[in-house]
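The two complexes that follow have chain A in common; it is paired with chain B in the first and with chain C in the second.
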Partner chain A sequence: MKNKIISLLGGVAIMVTSLTALYAPQAGAHGERSQEPFLRMRTVHWYDTNFSTNRVAVNSEMTMTGKFLLAEAWPEVIMKPDVAFLHVAEPGPAVAKVESWLNGVPAAKSFKLELGKTYEYKIIVRGRKPGEAHIHPMLNVQSAGGLVGPGQWTLIEGNYEDFTYPVTTLTGETIDLNTYGFANVVKWHIIWAIPALFWLLWWIRRPVFIPRFLMVQNGEEDALITGTDKKVAIAMFIGTMVLVTMSSNSAKEAYPIQIPLQSAIIPVEALPVTPQNSAVKAKILKANYRIPGRSMTMTLDVTNGSATPIKLAEFNSANVRFTNSLIPTLAKTDSAELWAKGGLHVQGEPTIYPGETARLEIEASDALWETERLSSLIGDPDSAFGGVLYFHGADGKTYMEEISGPIIPTFQ
Partner chain B sequence: MLNKMMAAVLFSLFFFSTTATAHGGLSADKDLCLLSIGAYKMHFTGYQPDSSATKEFCEDIPATGLTIVAMDVMDRKLKDMPTEVRVIEGDAEAEPTEANTILHMPFKLYPTGNITFEHNFPKEGKFVGIVSIKDGDEVIVSRFPFAVGMGGGFPLWLLLVVVVAVGGAVAYKRMA
Partner chain C sequence: MSATAQSVGAKSAGDLSPVMASMSRKFDFLLVPILFLAITGAVHIHVMLLAGDWDFWVDWKDRRFWITITPIVTICFPAAIQYVTWVYFRLPIGATLCIVGLLFGEWMNRYWGFTIWSGFPATLTWPAMLIASALILDTVLMLSRNWLATAIVGAPLFALLFYAQNIVILAPYHVPMEHMGQLMSIADMIGYAFVRTATPEYLRMIERGTLRTFGGESALIASFFAAFICMIMYAAWWKLGEIGSRQTWIKSMFDKSAKVRA
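And now, the complex of A and B:
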């Protein structure tokens, strides 16, 4: 009877597990849009992004440059960028990273970065896999994940078979990083897979999961491990130790000159504070998101601490640009599909003079709120937004100010 | 017997799909509710703020009452194309007439790429949404039949509960 119960429970467990596996709810993932709005709106504000080309041949290089401001409104729920790494977001290895620089410092290692500061980057990539790929700069933050910048559709032309990635090592040897060590990796995976598979099969033929749990509960755990099991376990342990020692010696023989894996965190100074990134201050008084109209409205006080009259030209959040059609267009360098041209409307006196504080009512409207999945910020536990305001100065310069605050959804 | 029954249930579930639904030009494709108008796509979202606040729905409208529908262009070219929206009462084959038209928004441009309309559906019934765009000299029409107040589909979680309950009951009976 007991065995019948165990067998039945096992059957039900398998059925439930199978049902769970078959249940495939709608996947909330479309590249960068899969990230929650708070990750895109309140972490890294990318701007002045530039791609040297949108067509690159296999083995040819493309350069990405730009700047980013690390939000002071960085969400509490994710780790601060104490360990951050500059990289590229792409659909598989369409391009290979060749060089990267942060404020002129080589970015081969991780950095400790400061919130509220601005950094300038340069990333050079080499065309690898032919096709059209959406390429982005990306900042990887430890325990927070990849924070993706504006992307560009890039056509990679040529033959994959022609791709090479020559690198000269510290010992002067030139290797092709695209294929180097591949056979060795395959060999050692197979060598380790054999004992792993044996060990798995050895135990999987026994009662598992719920039947095993019930046997332990019933005090029958001695029946689960036999004397032969113990002998096999000892043999596996000794065999593993021998294999580890052999593989280590083999690696030392093949590669006598070695350096440890590099894990240093490189200090880098942020870009200096200038009037362009510090003279204008904004204080959010109220913010609403009107769900049906895909429209965000804000009331804010703006203080112009610069020496020139300014006008609000752009609101940028999560790489989506809402620009004011009444102001001369700011340089259009970012992803074309994320530009809500004329989507920013400002009520109130448009010009803010030096030393003046003006109250502005602004509205940022576009379908991009929904299609870029920013609308779902209304479902976040803290319902907060973030972004950057760009002001056009009469002196021809651009002044920026980060904003953030709570936001209330409305149907009105 | 029990094992055979479980196998049959599992086998039948292979034919169960949560996403392959389609109502004319409107479909739940992967994770997006999309309206196809020729080669162009719009993102379709329905709301019933009085009964379900910000909860979104696609295709059928779960209850009667105030309903807000927002359509957002996926293809930015649609911003430059005049768009007309019409909702008529009737089944999938119904043709628009003055008598059966309950909502009509004539051709106009939507510079923000968002088209929103609201309507109070006082009673249950079958309706057809018709969205037309002018692509140069060509008018492209998309129709999507939908029902109001007729409830949603059979939820998968409920199916799971039923299967487990039936399985448990049969097992209990066999052991008793």
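And now, the complex of A and C:
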């Protein structure tokens, strides 16, 4: 009876486990929401992100452009961006990278970047593998991992067999990067497989285990290796050495010009400090996150050091834009970013005049706090937030200021 | 009836009755593929865990770490399996068996995993060749009949031949090109173009310069260093092979077999 119950339970367990194979949903993007809020709110503030298109044919190009500000409130628990790499986050090489630039400097190698500075990037990719892919700009920072920018679902159309990536070497040869050298790799693996299989078959064509073991146990091991075996072994030894020598010499003759793999840390100057990214100063006095309302409230003093009246237009944190609906000129310029339209409410006099310091009470509320898994910031050990405030000036320009500070949750 | 071609006569311990000889051969046919797959799995996971990225990507195959690490990591199982195949069966195929298994596993992994599933071009992900090294290790053991001689002569050759046998497939990837005004090898460019989201450029553990102080012969120096370490690794793993094969149940099984034969 006991055995029957165990068998029954085992059968049910196997069936249930097997049934899970029937449910295999497509992975939507690649887990950017799983990053802890402090990584997304207090490291890289992406803005002005733009994708030139959301449909790209195989071999056609798409350009990603934008800027990012490296937060001065960079978390202590991760390394500073002394070694960073401008990259693309995508599910496998659905698009191939053609060019990437950071402040006009080629981004094939790694950079040393500075906190509190702004950088402008441009990444050109080429459609490769047909399908729909979620593609982001990304900044990899050594020991911190990938810090992902706003993403866009991009449809790649066409036929993979048509994909090519032609480049010209400094020796004047034009090659296809997608297939280059692979036929030669396969050829030489096959060439070397022949003597290896011959050697194995030479020995296992005869009885392998039991008789040989018994003979060895009986002290008859010398009889197990014949004179022919020795001749074959000598031939294999010499043949192997000759083939290695010949193949390496032929490669050196065929490719006399070779260079080692290239790697370096490249310095890059940040974008210059302008009134637009330095004239406005903000100081957080108090910040709360109200869990039931999925809203964040802040009290802060804003000093307008510019020459024009300004109004708070947007709070941006972790690629989520909370915008002020009272400023109708604000348009969604970026199709990739998550937009809480009208999610930003400012109490009190909205206009801050030049030289004035005004106390603002603002509320950023939207379900995106929950769906983007930012509300879990209350579980962080340092309980802090970060983001960027954007002010619209009467002169038509946008002024920005990074903010950060401790945050206290409200449970009622 | 003799069951082995090397039987030394009617009194040889290898002489089995026709029934036992037939069963013994069936046992061979059953065990050889099982052992091959088991060795493939073991060697493959060992090498991929310890030298994985250097073997996965063409832009990791440098003149320093790849040449140093791959032979050192790869010689372990050949040494241990050689102990078993040589000492118990006088079969000088331990190294070749391991490396053929490793390459079989790698090609399966690269084709199904990297190319079909993940979409990486095969030109980025091909495995390194090691068969020449394995053949030398096996033939040196067989001709010398001495594990110490194999450690002193065969193991260094295992490492020294690693880079030499791979130049023929690697050289085309080290041809220079210019991209965005920067000098790159084709291998660098392949790694740059075909995005590995979790592998930024700085993660590559490749030659960054210090060995160039020795006359620019980084590959040669790395090969000789690997050769020296391979001597030690071979001896250590030969000994591990001995410890690992102290299976009393195996002895018991073959003792019973001998009794049946008698």
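Definition applied: the second predicted complex is superposed on the first by the 301 of 412 C-alpha atoms of A that agree within 3 Å, B and C clash if a C-alpha of one lies under 4 Å from a C-alpha of the other, contacts with A are read in each partner's own complex, and residues count from 1 in each chain.
Everything that follows uses one rule, which is that contacts are C-beta pairs under 8 Å (C-beta built on N, C-alpha and C of every residue); 3 or more make two chains touch, one makes a residue touch a chain.
Given the structure is predicted, the values throughout are model-derived calculations rather than measurements.
Participant: Report for A:Ala307: first if it touches chain B alone, second if chain C alone, otherwise both or neither.
Facilitator: neither
Participant: Which partner chains sit in contact with A:Val273 here, chain B, chain C, both or neither? Use first/second/both/neither.
Facilitator: So A:Val273 meets neither chain B nor chain C here.
Participant: So, A:Gln262: does it touch chain B (first), chain C (second), both, or neither?
Facilitator: It touches chain C, and chain B stays clear.
Participant: Based on the superposed arrangement, let me know which partner A:Phe237 touches: chain B (first), chain C (second), both, or neither?
Facilitator: Touch status of A:Phe237: second partner only.
Participant: Please indicate which partner A:Ile408 is in contact with in the superposed arrangement: first for chain B, second for chain C, both, or neither.
Facilitator: In the superposed model, A:Ile408 contacts neither chain B nor chain C.
Participant: Could you tell me if A:Gly342 is touching chain B, chain C, both of them or neither one (first, second, both, neither)?
Facilitator: Only chain B; A:Gly342 stays clear of chain C.
Participant: Once the shared chain is lined up, is A:Val77 touching chain B (first), chain C (second), both, or neither of them?
Facilitator: A:Val77 contacts neither chain B nor chain C.
Participant: State whether chain B or chain C is in contact with more residues of chain A in the superposed arrangement.
Facilitator: Per-residue touch count on chain A favours C.
Participant: Could you tell me which stretches of chain A are touched by chain B in one complex and by chain C in the other?
Facilitator: In chain A, positions 30 sit in both the chain B and chain C interfaces.
Participant: Give the list of chain A residues in touch with chain B in this complex.
Facilitator: Within the complex, chain A touches chain B at residues 1, 4-5, 8, 11-12, 14-16, 18-19, 22-30, 291-295, 337, 340, 342-343, 365-371, 378-379, 409, 411.
Participant: Flag every residue of chain B that touches chain A in the complex, lowest number first.
Facilitator: My answer: residues 2-3, 6, 9-10, 13-14, 16, 18-19, 28, 30-32, 43, 45, 47, 49, 54, 68, 70, 72-74, 76, 111-114, 116, 118, 156, 160, 163-164, 167-168, 171, 174-175.
Participant: Can you list the residues on chain C that touch chain A in the complex?
Facilitator: 3-8, 12-16, 20-21, 24-25, 27-28, 31-32, 59, 61-63, 87-93, 96-97, 99-100, 103, 107, 118-123, 126, 129, 131-132, 134-136, 138-140, 142-143, 161, 164-165, 167-190, 192-198, 200-204, 206-208, 218, 254, 257-258, 261
Participant: Flag every residue of chain A that touches chain C in the complex, lowest number first.
Facilitator: 30, 83-85, 87-99, 101, 106, 108-110, 128-129, 138, 140, 142, 146, 165, 167-171, 173, 175, 177-182, 184-185, 188-189, 192-193, 195-197, 199-200, 203-204, 206-218, 220-221, 223-226, 229-230, 233-234, 236-237, 240-241, 243-245, 247-248, 250-252, 254-255, 257-263, 265
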